[in-house]
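These are the structures in question, set out in turn.
Next come two complexes built around chain A: one with chain B, the other with chain C.
Up next is the complex of A and B:
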């Protein structure tokens, strides 16, 4: 499914944004809530202290005015939020979730694993300039806010998370509606419906879907091509730095085994991670045996096993959001490494995580004829 | 009780003893305190060897047994029996393969010895974490489910039904008889087809050991040889009939290639172009006529319709096309018949004779290619290239197309239901083309008749009889079967309900508990393949006798 083919048949709505896109989006949501198209909205909001952002589930429409659709940081990956709300069942209420494309894609992956029920949820994504690393922002929130605002205006990614700088899917339409700001004329923005649900939502809000996508599409294509180039060259460097068993051990040698990366990962949905279970805890006799075999054994053990094991479990669904890297207290470029590996594993199965709810995950899709290139790798 | 592990290394004649320094292995693995005894023996699988082991277990008071010998494929069960005879649980034993995976793969005795030491050590470490598993026995169910009420299904049902074996015959249409019921006569003896089938239907209906379901489909089929659970649903009804059987015969027949996919033959667009089955029905109704009611004078029969598209010869079309010429000649004595064929497929002891008897003055055979049927006035015209490649044509009143035999439209659904595979063309795949032509990849499920590939009536009946022979000799009433002991278990507290395991289970073993949002294994159906364990991201699924702990401990010593 090529992007141009996907979008060429789609039309868009063009909406005015005289007082800024943020205000216009909030007005749209308020209007939709007033019309009972949505009963609640999941959206980022600035914490009262003003120095960070969290996701909230807004039921009181008057609180919408304080929401912040394009927050400068991703404190919690949105997919985890939608999963928390719907995992035990869809509930009676219709919910709009306003998130970044990578969060939407992770949500779709979780839906495939039965961890999200999308039936009553409308997913709204937007052109994403990236998010700042949490620590950068928290060190001086006021300055951070200004830097972020400037970056959004100039579409400059230099202050963003490393994976955001090389993200070629920052405008990917995976949910029901996508909010496009790229290529829009002054004081306007696009509302692009992708699914029937998205279409219906816009129609119920009396929004006409009659404009061409060309301008947005051209801009997005150019940007994503640029990012793809940057991504390829960054990954090439990273592969040299981390490839091979010695480099791999060096890279993860600072790992403190806190498992934060797993705890914040939207795809790591297991109730108990295998690497936190009793299965990887052993008797003194066992540890001594290993120490005898190798001369010594590092404690806590199994860092590489944890990293590669987690990689094996989630990389085909990884959406390259970079939450793991933000959470790493040892500053290991874990997000960049996982994102690089995810590119390869997903390519092997001709799969893109979160691209399409109807695309089965590679583990459960049986194809008689696949992975021949992997066979050759042994020659 | 204190653990006492006995380790016995088989010399396997010269097979192991010449390639591995067994004494060195004995020295290397004797150290741990719980290893009570390590010994070598010339041939453990021999009668003497088994007796020796049994005595040793008793004499030494062993609690666990490690054998270092050949592949578990060869003698795992042998030594499990020894354990049972000696009074220890057969799952408290581990076999280290030091022959196929060690002695036989290198000429370097040092390397082989080193590897053997690791393998035996790994087996010792693993066996410490084994726990006893109890075998269960369930009575095998002698009853049989037959799907499809055509000639194959009727024959199988009649052969199988007896006072101690009930047969459930499920037919999706409203009546029994299948394809053969359409045939006025059958080749090569030109005996009436309906007589053949009518007697069988009569016999089936009056047999009190055969329960017939018409207008019904099998909705669910779970289990294994000796114990399948079946759900049958009558069409347009919600209620199920549920019963258990021990074996299944799939006799679901075949369908025809749709000639609309090859528009050059004019089917569906031109009048008086018929398919073979349409012509059979017309003939059986008693009168062969054109659309306008007139009797045809010149009839063209086009062979091999769809052969190129499907990529195989359907085996029976030449013969029934010859039969059509006979039908025509009988009903319209002055008719001219033109066979457009590329190759005649008439093997066997009577087919050639049938061909020789059929061809004659007014029955012509035109070897041709590039056939196209077009309209010509009120009639049709066959345009073709002759044997020399020269374009030619022939006017006719009627065209009969002999299309390829294809799998039925529901064959994929049935294959999935029964857990069997399909071949490249979509027919049910036999276990082995030559060696096991009616068995499938699932034990206890047999395929007979044209559901397995194009076939005439005698071949179909042969398969039906072969399947019944297999069932009668193996599914003996009163026989006990042992369900798999090494089954999967899903931990309720670890399962996150992602259902990955359900997608990869080939046996329909796993269900989802909507209340608790967790997956649940039906241990009787589980075959212990381990797919679910591999697919479970959270380690909730574990396989008995292949637990994470057991594997980890084994690997720890092996690498």
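Up next is the complex of A and C:
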């Protein structure tokens, strides 16, 4: 992927969307596939029963008409999808992946960890109004479709995942092309190339990239500022509720150790988690000894160790997608907590997860001055 | 007739007093029981060594945050306790542990069990929503009357194995009108008898009132048939299965909480099940489009093949499923049909081997022919 450009200097394409943005995006993809710019597309589709949406790798262009670029739910985080397709080899297909910004950012994090090969993949993101909690959608899919459609028009986030309501990166361009609907004139939308690959893709589709981005940019900045305010106040409350070890224990008191949060997390890619490994398993006598020290222990023990441990391991790359919260059978606000902590850890390293593929992950890269810091500490 | 212990307190207070006696007398080193772990009343399994901590224990609380079978496996897998430990667990949890012991994933060495005739448990989300506490009077009322308490887990509604097979001790709950006044603990084994020995309580000869158990059994059997018939209609061929499992998000929570699924690395999470680019290419050639990650149905049907012989129908999989797939009904229904072929009841007897790891002579002949 080529070096990214500053947003302010980026030009955009303006495309017509007389029959709606969804149709226009699908037409663009179909056209690009017909021209062999892409061999396949990764995009959400509704399942036969209609009660959810899943990612499908589509090669047969006729299947595209049933695709849903902006699905109401995120049943699987898109980064896991791109990883599944490319982890064992980039393959010989050129693939376009149409996903939410947080999914693209997680994909980029996974690429940094060697779990994704982006050489043949073009990442296409879009302005994201959020996704609904999957259980809300499931309880009445038809109503869910309607609510979501309305929310896409009104940009009202009240039905979305809690982390979506306070997401200030819902229009962040991290992939190759971004589809902008905010600030677009009636019956049009923006296609914003971010990388050389994105630029080439649009040019190959004979799309002119000559318009100004100001309208979109202003709208996005305003929205992002609003969300940031909401985010700060939500996090303040959450900190009070969950801060300190007692509150933390209470927050996770209903955790049943299923580790669903970890399984669906796009960043937690380890095949064997440390917290499922032999290192955390002990003999009965050991467990009894630990119990005797306190009078009793919760069994399984180590609930908080797992939660804070996982946090330490992935927080710097957390993209605040909220998949963990969707998957938690005990309705623990795990996504909100992880998202809040991620803000702090990423700030400490001046890092934004998935912002830029060329930015190394802080914990695997050393900077010269960090070495000095270390030396000083030992003086 | 079996020897039994009668404690003149309500069932929960009675069993707690017995557990206190066991800890204080040093007959056991630890107690496994459900316990309230915070002020908000969250309930989790705990390993209790100090009699004082029994105060917050709620051995019969109708919720199963994790199956005790899985917990005892974790507790004993790396070495059994030197001295006895006693666990209070539901019949299906005990059956799950028996199946794990058969698979060498745990041991009964120095592990004694107290079970009960079981009225069922509420789904986890009721615990999360703090709705159990106020339902308790209704729950116990139903148990006394040999009825199915409203809103218990689907798996419990249709469970016909609510009487433990192998517990050292069984607390008489279902159909017992006197559980507010007395706690009857049947001492089924020598271990049970020796643990109770010395307890300051009335010893008597007693057996469970089968008539009262049968009343519940009939109600549960009707419920089970209804559940099985319903799911049968839905499981209509591959299309039906796709309709049921289409919304699966691939978290594999069902597998992780299943007391039978003990594998450290599931086949369906192993490199063997991952798609290489060539796999994707050949799938795309066949169908033009492929769901990613692949293998949703393969996982469900595969897990069904692997564990149905030992499925104890506990319903932990239902509790954990974030998209409310009726996993346990399907697994129990298929499980029973497989178990019937082998005339096998999972968890009934720790000495009975698992059909799929033993060969009988006549099976060889069948094979030859």
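By definition in this document, the second predicted complex is superposed on the first by the 362 of 379 C-alpha atoms of A that agree within 3 Å, B and C clash if a C-alpha of one lies under 4 Å from a C-alpha of the other, contacts with A are read in each partner's own complex, and residues count from 1 in each chain.
The definition used in the following text is that a contact is a pair of C-beta atoms (placed from the backbone, for glycine too) under 8 Å apart; a residue touches a chain by one contact, two chains touch by 3 or more.
All figures in this text were calculated on a predicted structure; none of them were measured in a lab.
Visitor: Based on the superposition on chain A, does the combination of chain B and chain C result in a clash or a fit?
Guide: After superposition on chain A, chain B vs chain C: fit, no clash.
Visitor: Which partner does A:272 contact after superposing on A: first (chain B), second (chain C), both, neither?
Guide: both
Visitor: More chain A residues touched by chain B or by chain C?
Guide: When the residues of chain A touched by each partner are counted, C comes out ahead.
Visitor: With the two complexes superposed on chain A, say which partner A:258 touches: chain B (first), chain C (second), both, or neither.
Guide: So A:258 only meets chain C here.
Visitor: Could you say whether A:113 touches chain B, chain C, both of them, or neither, answering first, second, both or neither?
Guide: first
Visitor: After the superposition on A, what does A:52 contact: first (chain B), second (chain C), both or neither?
Guide: After superposing on A, A:52 lies in contact with chain C but is clear of chain B.
Visitor: Quick one: angle from chain B through chain A to chain C, Cα centres, nearest 10°?
Guide: Rounded to the nearest ten degrees, it is 100.
Visitor: Return first, second, both or neither, reflecting whether A:309 touches chain B, chain C, both chains, or no partner chain.
Guide: neither
Visitor: Does chain B (first) or chain C (second) touch A:88, or do both, or does neither?
Guide: After superposing on A, A:88 lies in contact with both chain B and chain C.
Visitor: Just the number, please: smallest Cα separation between chain B and chain C in the overlaid arrangement, in Å.
Guide: In the combined three-chain model, chain B comes within 10 Å of chain C at the C-alpha level.
Visitor: Could you pull out which residues of chain A sit against chain B in one structure and against chain C in the other?
Guide: In chain A, positions 88, 271-272, 286 sit in both the chain B and chain C interfaces.
Visitor: Give every residue of chain C touching chain A within the complex, in rising order.
Guide: Answer in residue numbers: 29-30, 32, 35, 37-40, 42, 44-50, 52-53, 65-66, 71, 74-82, 85, 110, 124-125, 127-128, 239, 242-244, 246-247, 249-253, 256-257, 264-265, 269, 274-277, 280-281, 284, 287-294, 319-324.
Visitor: Considering only the defined contacts, which chain B positions touch chain A in the complex?
Guide: Interface residues on chain B, with respect to chain A: 493-500, 503-504, 517, 535, 537-540, 548-549, 552-553, 556-557.
Visitor: Of all residues in chain A, which touch chain C in the complex?
Guide: 40, 42, 45, 47-49, 51-52, 54-60, 62-63, 75-76, 80-81, 84-93, 134-135, 138, 249-250, 253-254, 256-260, 263-264, 271-272, 281-288, 291-292, 295-300, 326-331
Visitor: For the complex, which residues does chain A have touching chain B?
Guide: Residues 88, 113-115, 269-274, 277, 279, 286, 289-290, 313-314, 360-361, 363-364.
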